[in-house]
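Take a look at the structures listed below.
One chain, chain A, appears in both complexes that follow, with chain B as partner in the first and chain C in the second.
For the complex of A and B:
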């Protein structure tokens, strides 16, 4: 009903030429964004059987960044007067999503994106669940595609582990 | 066919039992096949099928190479192992490193599968022997420092103009930084060899770009998009100011006492009254014009020179304890009064 009222008033107002520039104000714009959820985000609940595996990264909640764990993105954009802030964040997020999708079910840790000059280093811990041949293919494939999209050299620096259990820090 | 493969995996009595059943099974199948399609049989319920289930082969490769750190010779050249900046890799670093926060009494996580060690920047490629070797390698491209420029004073004397620019190094696909365009030019005013008039005019032209304490003129340019253009612009500004300050315009002769940037005793009323007082002392009744007052030689008046300095410093440096005391002393000396007694 509100909507129709607004439409009505809009059409009524816009019929008069002198109010036309004010049409944007008469519309109701609702802006939404994701809630911060400061209390629960980045934290894990304890299970009854105490069998939820956590890596070191997961075991330390976000407020321990720079105290017990470090950042997953290393670049100069976040410094004062840094350039390309939003672009860097977006590219990092893209790299993370592309990596988790390409190395599907193999990533055992967060993906670490380090930038030096125009060089992007992507580091991660990978499970040895596929043959080395396939792993080499994925390595070249990821580097090639990412460097094509981001227009700068990308290097993958992976560490392999036998299974996910190797990166488990504790169970809660 | 599958029956033979099965046999290899099973053992003991069960295997023979298995085998037999399978034979029965297969023979019945064979019989059915021989009979042809005209007679269809019911499928035989295989009760023990569960036991014959093929266990899926797990592709486990055991050919993971041993760590490089373990196979490395003791006298290995570390620069060859870690030639450039790289993320930490536990199998090639022969150090028992641990990192991570743990409750008291526990050992922190080791170097393997430790993401924290991979995050932090390491300097394993910059060990002292490697730095030394690299310095030796680039030495051939260096030239010797000129012998005559052995001190700061010598450098300042031969290269009075100082140009300051900044280069920025950051992680980004582009190497450009807009702040790199800013150029600052610094020069000591004393090195420009300006005369009294030119110096005064130069200071008026540059305004607050001159620092009295250090005697430095600082000109900064950031209006052009490229550093080269800004560099040309500061050069142009300095040249233009210098030559303009050397010019004497017609209207500059109209400068009055109010326009003076400092107190000139010779042109002020203080000298006039001193001269008049001196002439009256000598009982000379001479009418002097303004120009004559200015040109009057005060060296014949006793203590006048130091009195002049005292008044000038009082007016130019401002009133403070030392200038006022000095002034009082000089006035007593000029008038022939006894010196002030310290009580």
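For the complex of A and C:
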């Protein structure tokens, strides 16, 4: 596009002979190069020791969404005439931060936020590091607080694993 | 360009509007008129918002193999014992409560209101109309709060008793509130709850698991309390006020005052309602002493109702029966109840579940004669289209009826009928709370274990245990008994693992019962089940040891001393485990472990079946396990069983591979036989002499070496 712009301006300039002396300046000073198409976001760099644990979700780069893995947020705000786009994103982020903070050091996976009608379902995998009784306390606490903030029913759908190692898909 | 976008939006809104208009019109259209093309749509059925959900829910039944839906569906989080069920559900609720506390204490963090989508916005800032009160923080009232009568109205509407009392006081008490209607509604609230904050409807689990001990039958009405003051302050005492106060007093058993007020109101010509008399009928027992006087008062009150032109209703019947059932038993009262029932039937009033509950209480006494009124009641209830709960006591019906099926009538068919009725439609909500539910199933499983066919029993146990019901120790014993009778060895081994899971494996009596059951039906089992039973037996021994060690580690917080397995139980384990043909079977370890415990008197009592140990000694000797044989014989000799000496002779005969007579002659001369025996078998000899003379002949130093049986000794034989 840059090239064509210069050509256009050149042809334009050349048609008007009185600003011909400027031509040299424009040509020499607009520098163009090939764009760097490397996508970095959503990918993890390989470590020297190859010891960075990745879950299945982390191991698949974004372009595999809908092929090998699915979305982390499920809602209809991005459809045509979708409503509450920015609010939805913000709320989802809030839910994620609240969950990781409340279930401190227990979350072993990404937090999936699914919205259906007026209902928000939050799914995640947690470690069995605390007793089931405490887990039930946190469950009730999280559901109640989140539903008070988001003003709709919130349900937690948790699965438990013994340790973080159970969700590691590979090391890079 | 922009107009292009906006136009379809508005157009769609317009069409939507048109559609809503037409649909409204469609609702109004009378359905009798036929349209020109002969198509007449059916009349509109009014639906409530949850009707579709209920219809959907009705298509799937409850799954008894899954945990209740209030528990999280994850193996780690599914409760399997009664204690855990309660703990998990209540901790989730505790979390909810903590969150609600934060919401109320820090209301400033919960001011955001979710925005409606921009297209539906009504005001620029606060939308999300209407406000959802359930998500808004509750106001907290203290001495500094500025309150109005509006606040009082609101709190009364939401039945927040403590808050409304606080507001009432802030408003200036009896003098401050001028609105008589407001005062009246406040009085109603106070009278209904007797000035005590009710359990919130919000905390379902707490209500479900609370032990139902609250409805004390005692005069709990607060004399001279706020309700009395407000009633006294009303300058114009309306009939409503009278009704309210009398009902409140009678409900909380302040019978005399209520009765007095009632007579006062009648004298002043103030009209009273039927429910006033209903509550008064319910507390006659607090008014008069003696059956004759009480019956007279009951009749008087009913006559008074007729004088005042009040027609009785279902509640009248219930409260009459309630009073009568509370006065004890006896022919007079039973006859009275039947009379009342038939009279109400003539009036066209059918007894509800509560009325039937009181009837059952009256007729089916624990040690009274067997009276089968339940079958008639069940027939009546089965013929009803729907059981509609009306009073809180309705939930007592099913548990009482099942108790009568189990203890009084001992009739499994009746129990099955009752259970079918409970499972019909959504009658299950009549089961009451967790406590009642477990008692109901306790009765049901007990009667099924005693009287049902074995197939039905197992089917019932498979569906109910453990998700719906976890058997208590007494019921578990019943189950083990039936399994023993049926000779189901496989299920007995399962019963052991269930004991462990339900957390009742440390009940010694239960474990002993299980072991004897296993023993008695062991010989009829197939080989692989025999293996299972042996495994279970050795597990039981190991488990006992584990819990003992556990108990030693934290001695301080043990509430009761750990009971040990009896010697009988250990002999049972030994008997089960000794049935192995292989010398290297791990069962031998269990046997020697069990023998050790017997010898070190870690078990209570002495075995009633010493023959088992005698047989074991022979068997062990034949397999070359001389140590085990010697320990068993020594134990027998120490305990002074007469089996000890013949058993020692037999064992020696096996060891020496000679006939018994020969061994006996050899035993006359001790030195002969000592030479012929391997050192490790000398302990057997000791046992023999101990049994003969009653005291050890040799010093016991060498005999202890025989505890560990050496493999080499068996090679020598």
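Heads up, the rule we're going with is that the second predicted complex is superposed on the first by the 134 of 172 C-alpha atoms of A that agree within 3 Å, B and C clash if a C-alpha of one lies under 4 Å from a C-alpha of the other, contacts with A are read in each partner's own complex, and residues count from 1 in each chain.
To be clear about the criterion, contacts are C-beta pairs under 8 Å (C-beta built on N, C-alpha and C of every residue); 3 or more make two chains touch, one makes a residue touch a chain.
All values derive from a computational prediction rather than experimental measurement.
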Does the superposition put A:114 against chain B (first), chain C (second), both, or neither?
-> first
Now for A:128: first (chain B), second (chain C), both, or neither, which partner does it touch?
-> both
If you stack the two complexes on chain A, which partner ends up touching A:151: first (chain B), second (chain C), both, or neither?
-> both
Given the touch rule stated above, what does A:66 touch, chain B (first), chain C (second), both, or neither?
-> neither
Touch check for A:141: first (chain B), second (chain C), both, or neither?
-> second
Identify the partner contact of A:83: answer first if only chain B is touched, second if only chain C is, both if each is, neither if none is.
-> both
First (chain B), second (chain C), both or neither: which does A:39 touch?
-> neither
Which chain makes contact with more of the residues of chain A, chain B or else chain C?
-> B
Touch check for A:159: first (chain B), second (chain C), both, or neither?
-> both
Interface residues of chain A shared by chain B and chain C, listed 83-84, 128, 132, 150-152, 159
Complex contact set, residues of chain B against chain A = 59, 61, 64, 85-87, 89-90, 100-101, 109, 112-116, 118-121, 169-175, 177, 179
Of all residues in chain C, which touch chain A in the complex?
-> 72, 74-77, 79, 84, 87-89, 91-100, 102-103, 110, 112-115, 117-119, 128, 132, 135
Contact residues on chain A for chain C in the complex?
-> 83-84, 87, 128, 132-145, 147-152, 156, 158-160
How about chain A: which of its residues touch chain B in the complex?
-> 55-57, 60, 64, 67-72, 74-77, 81-84, 88, 108-110, 112, 114-118, 121, 123, 125, 128, 131-132, 150-152, 157, 159, 161-162, 166-167, 169
